[in-house]
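Presented below is the structure to which this report refers.
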């Protein structure tokens, strides 16, 4: 990807300052804008990773995982610093819509209801992850996907990813 | 792969215009021709991917998956445009034969019976996927393999890949 | 790997014609020699792949898989040509020993008892695969590992890899 | 990674002889030092691999695996030479703490209680693996991760990784 492959938008006017000739803007643009404006994000990542989709099939309203070291890579958002090992990472799950841009109201609502969220899962679709910079968004995204993968493996052994430390002893397959 | 490694056939006369010296034509040639002539395909891909084979062991006459975002990457074929998130992707499954060319009658029959199919699974063997161009066939193939992989993971949790949205809540392992 | 990294042995005298200075000969040498002398193999491959080890934990005396297209990549050995789709691939399993060279008697015995075998599994250890040339041994090895991987996935769904076509319908998890 | 990216510490004085300008020392430093001083290790590797974390969820006080060829890649530590195929590899599991450096007392205790250990697992966190040199630590680490992966697959089939040879016959799913 080169600079000339990228869209450049003026955040205030929402007008494109520069456009590549051969692409059309992502249908996710209003979703990225929600992260940029409501969370002051510097970058937003969207994936259709299978672990994100599986998580939305195994959880109802929220993906929850607790007491795993990798949680320490996730920012608290509502204040400086990251979650601790003993915290529970909560990622809200919103329902999918026929068109990607129609996710915007529910995504915006989730951002209000979950002021500490740095990601939103979309049922049977994927995940949006953001952060203050491109580098930090990539690190957060990597941590979240690690935790999604792990949670699915835990569920294969009937271990509750949000369970207390020691609860796994009573949960083996 | 270089141009001189490829077979070039005249579609009308079925005669080779050019042949590499050191290869023999694929046993799949009549199957590729069925996609080219009956579907006006510009490219046809054949894989023995394990997820394709597993899908034919977990499904009877048709592979079916519904309400997954990635379905939006699959063309409707019978009319312009792609399937929607709320559509069900249906891929017919035909039985395998001792020799690959003997699959042609059943593949052709499936193409007639499933006018919207852009792929055919072969039990205990693999899959044929086609599209209007090489690039589009590769995208369709990637989407289908994503959905095959996901369906198998869903089945590990007893979730019906063709179930309605919300049916997954009653299906967990 | 460069030519000077390889051991060159005279097959008749079993003496090394050339040795790299910094390596010692593989403990598998007598096992490779069994394939070279008893099967006239041109190359022998040994792996500790997890699917080979898992197969030896899921099967008793023989690994068996039938009616999968990839079986057509395995030579019949006892006569020219490869197995057909309707054939059953049988790979004998021998017990492991403390030292690799002590596998030689059981491997040799398996070669006599299974004249059609082009591979031998070693319980809780791995697999030996051979073929008439390096290229063919690599193709056979790739086909066998594909089939080992698939068989383990089939077992996760309680499908018998050696079952008849259609038996999978009654076997789903 | 280049030499100027590395921290160089005087083992006696615990003072940095050289520091890269743009990094801060790892929070694992006291843990690495425990391996260097208590085991005379030449290198220590720390990973958050999912198989290490899963192992700490499936085992209580110790990870145990026996009678697998790859165990022969693990040194006995208490004397020269490596474990044999018939030996049981035992890796102690310690509880995680909020801060990585606070693991030091429990890690040090495990090193005393398990004089033959060449690795320590940390519950819901990861693993520390060491060896006499960088190359040997990498080989040991690779063998241990192979065994962790395999043990988790064995558990999916209800096979006890530390069971006797033949116990797997009574354990299939």
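Lettered A, B, C and D in written order, each chain numbered from 1.
Simple rule for what comes next: contacts are C-beta pairs under 8 Å (C-beta built on N, C-alpha and C of every residue); 3 or more make two chains touch, one makes a residue touch a chain.
What you see is a predicted model, and the numbers here were worked out from it, not measured in a lab.
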Handout entry: Same or different contact residues where subunit D meets its copy subunit A, judged by the half mark
Key = different
Problem - Magnitude of the superposing rotation for subunit C and subunit D (Cα, nearest 5°) - result: 90
Fill in the blank from the handout: Expressed in whole Å, how far the mean CA point of subunit A lies from that of subunit B is 32
Practice task
Report the inter-chain centroid distance for subunit B and subunit D in whole angstrom, where each centroid is the mean of the CA atoms.
Solution key: 45
Problem - Two or more partner chains touched - positions in subunit B - result: 156
Exercise for the section: Could you draw the chains as nodes, link the ones that touch, and say if you get a line, ring, star, complete or other? Expected result: ring
Fill in the blank from the handout: Each pair of chains that touches is included here, namely A-B, A-D, B-C, C-D
Problem - subunit D partner contacts - residues on subunit C that touch it in the complex - result: 48, 50, 53-54, 57-58, 60, 95-98, 122-126, 152, 155-156, 158
Handout entry: Complex interface listing, subunit D residues touching subunit C
Key = 67-70, 84-86, 146, 149-150, 153-154, 156-157, 159, 165, 168-169, 172-173
